[in-house]
Amino acid sequence: MELLLQQVMAGLANGAIYACMALAVVMIYQAIDHLNFAQGEMAMFSTFIAWQLMAWGLPYWVAFMLAVVASFAAGVLIDRVLFRPVQKAPILSQVVAFIALFSILNSSAGQIWDYTVKSFPTPFGHKPMFGSTLIDTHEAAMIGVTLGMLALLYLFFRGTRLGLAMRAAAANPESARLVGIRVGWMTALGWGMAAAIGAVAGMLIAPIVFLEPNMMLGVLLYGFAGAVLGGLTSPAGAVAGGFAVGIIENLAGTFIPYVGRELKLTIALIVIVIVLMFRPTGMFGRRVVSRV
Amino acid sequence: MLLEVSGLDAFYGQNQALYGVGFSVDEGQVRTLLGANGAGKTTVLRAICGMVRVGGAVRFDGRQIAGWATEDVVRLGVAHVPEGRGTFLRLSVEENLQLGAMTRRDKTAIAADIEQVYANFPRLRERRSQQAGTLSGGEQQMLAVGRALMLRPRLLLLDEPSFGLAPLIVEELFAILRRINAETGVAMLIVEQNAALALELAEHAYLLETGRVVMDAPAAVVGADESIRRAYLGY
Amino acid sequence: MTSVRDEPVAVAAARPAAGTRWAPAMRHWVIAAAVAAALVLPLATSSFVTFQITEVIIYGLAILGLNLLTGFNGQFSLGHSAFYGIGAYTTAILMHNYDVAYYWTVPAAGGVCFVVGFLFGLPALRLQNLYLALATFALANAMPQILKFHALEGWTGGVQGLVVDQPDPPDFLSMLSGDQWLYYFTLAVALVLFAVAANLIRSRTGRAIMAIRDNPIAAAAMGINTSLYKTLTFGVSALFTGVAGALGALAVAFVAPDSFTIFLSISLLVGLVIGGVGSIPGCFIGGLFVLYVPNIANSVSTGLAGAIYGIILLLVIFVMPAGAAGFARLAAVRLGRLRRRDIA
């Protein structure tokens, strides 16, 4: 029993990473109705920028802020330059555009900063939390920051006019235009916000997994899985899904025989797929009844 | 002249749907666009709102707006209740109404207008926090009209408001439209298949057939002419 | 914008507009010419180019498999690298462990993959779009890990993989080199399968499959057994890609777990889109792209190969959002209009 509890805690700590990523994923999904496969690479690139700024002597929080702002701007730019031209193209073509973005970012990061692993600082330290070695101060802070961002987003979307406009633009772009909303700007805003959240996620994750161009590959997948598990309509669901994925992955690794590191991901995905088969819209997703 | 359309062509891709259409609507007037299915009535409304590719002239308040983006046309004071109503199904009734006022800044007046919508459509008040997708067809239509009114439009475009509604609800809706036109002076262009009802409400009618205006006359004249009614309006 | 939410929605709609298809006679001439050119090719070029075209054909066939499932039936799959891998390993294991002749392994690979694909198609019935993507991703991800699994090492050769003997030409064709024979063998198999696919698409079954893609509810209402067709399509799609994998194993003469990762699935998807979703001839264009463009990117700059590849990909998508087939269609329409204007 105690082992179970320990592994759940450890899973929660890992899960905070995935929850953060899942949040960024759902953010962009709500804005543009698509999953952005390059989300992880964007986050990775933002983290490298922060690292570079610190390497040039800027203090942590200044670098943090600048990286977030720069990511927001980059997100808007990517929307305008990359996404806009393929907006009317079939979905699969858009997917390929995302794949292209992924490739560009991954390769450029490797070229600029090479593939040697770098350490990334954290302002929260790595001291054990609650006296236990299972979860340290940084991981606890990660959970806190993720939940904090979630709360801010909730307030933004439910409580402000702009948030309402964004939700409308994503839900029904044509109707949104009919009430005068500039749907193009709303989409760009969504991209910017997703990029900024991704930057925060990357900077929280890097101290744990260490900074290198491929650091986000697994994380993004788990983030997707978490977002999908939670039901893509709900940021809170995405966060919950991310935590759940962390726990599932850890428990699978601990309790299922034959599962070494390699098969952990597969097992986690299989569990998620099974859940989806019984609840096709995810744990918290809402069914949409479509009229024929 | 509030809205003046002349020589309007419209295209869906390579296919031309409207040929040299011309009509006008002045401040406070209620006019109707009639015709069979596929005549191009919906296309006319979409053309005004920049939702299809057009050629020719569309003038609002003297300004040429053909080719303008939908959002910009809306911001001039044109509210369009589209085919299918365009309700934000997953948002609440109240949120839908708030969205109608998205381009306005006067918070107190917006709140007052929402109350006015509820006064006109009491059923909506009961359901204000409900998800819009759970409303009945009639209620969704009322919500759509209410949302359009939140813009405080100068021109209201209605695409088949009677579609899929029970006759009693339709009568109720049209009575409310008459009252709103009388009280606020908003001009209306109504596209309808239910010609009888539309001709009662409107003072002037245009008849569309395969993308061309084939008749342009006061509503009373169109309603009285039996051969027209039988040939084009089905009654 | 098409939504990828929980509503059943067509993944891609790529139907050729009526009147832009060439007249049947014209089409037969073009195909005949293409086949003739293909037959002559190895005799006119170097061994290396012949080998590369062999690979293009193999990729084209693999993409055709994906096309059947995603392009024609609307089921999104990121898992086709698994089927390719299963086909490849079937060939390798049969030849390496059981001394089966290479030409029998190809239909065997097809059969195995059909069964696996069909079985995977069953749970896939409950998953739409995005969720199916995730499930197929899991499949693709699992494949290398399963192949490396130590309990199966006796068969799969573990991390090192298995060596496959290159097929020798039959005695009556002994003037051909190994590469040339491989090319002809691959070409023959591919032609047969492409003909099967083309006929399938044009048949009633094909129309049912496409109807399911375009409007599953209406298709079911018309009495089409959507579940049966969807799982069968999954099986057939896996069969095609599996056969491509088997041919691939023969060509490369080697199979190893890390050759069949998710990146292969992504390459196939890219090839599908570039060639044109729902277009059979487009598969070859896709194959060309998958083989040559990464090499081109690499030769421009090794360090930035990925970035160059990405940029090329973007440019192609911007210019041809519906793939090469879509572009060709558009060009045909424009030309048609120009010609009509000249006549008018």
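Per-chain numbering from 1; labels A, B and C assigned in written order.
Basically, a contact is a pair of C-beta atoms (placed from the backbone, for glycine too) under 8 Å apart; a residue touches a chain by one contact, two chains touch by 3 or more.
Predicted model only: the values in this text are computed from it and were never measured.
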Grouping of chains that still touch (sans chain C): one piece
Most distant chain from chain C by Cα centroid: B
Chain A-chain B separation of Cα centroids, rounded to whole Å: 43
Averaged-CA centre spacing for the pair chain C and chain A, given as whole angstrom: 32
Between chain C and chain B, distance of the C-alpha-averaged centres to the nearest whole Å: 50
Numbers and ranges of chain A residues touching at least 2 other chains: 233, 286, 288
Partner chain A, residues of chain B touching it in the complex: 49, 51, 69-71, 74-75, 79-80, 82, 86-91, 95, 98-100, 102-103, 133, 147, 151
Footprint of chain A on chain C - complex, ascending: 1-8, 11-14, 70, 123, 126-128, 130-131, 134-135, 137-138, 141-142, 145, 148-149, 151, 217-218, 266, 269-270, 272-274, 277, 303-311, 313-314, 317-318, 321-323
Residues of chain A defined as touching chain C within the complex: 33-35, 82, 85-93, 95-97, 99-104, 106-108, 110-111, 173, 221, 224-225, 228, 232-233, 258, 262-263, 265-266, 269-270, 272-273, 276-277, 280-281, 285-288, 290, 292
Of all residues in chain A, those that touch chain B in their complex: 161, 164-165, 167-168, 171-172, 174-183, 233, 286, 288-289
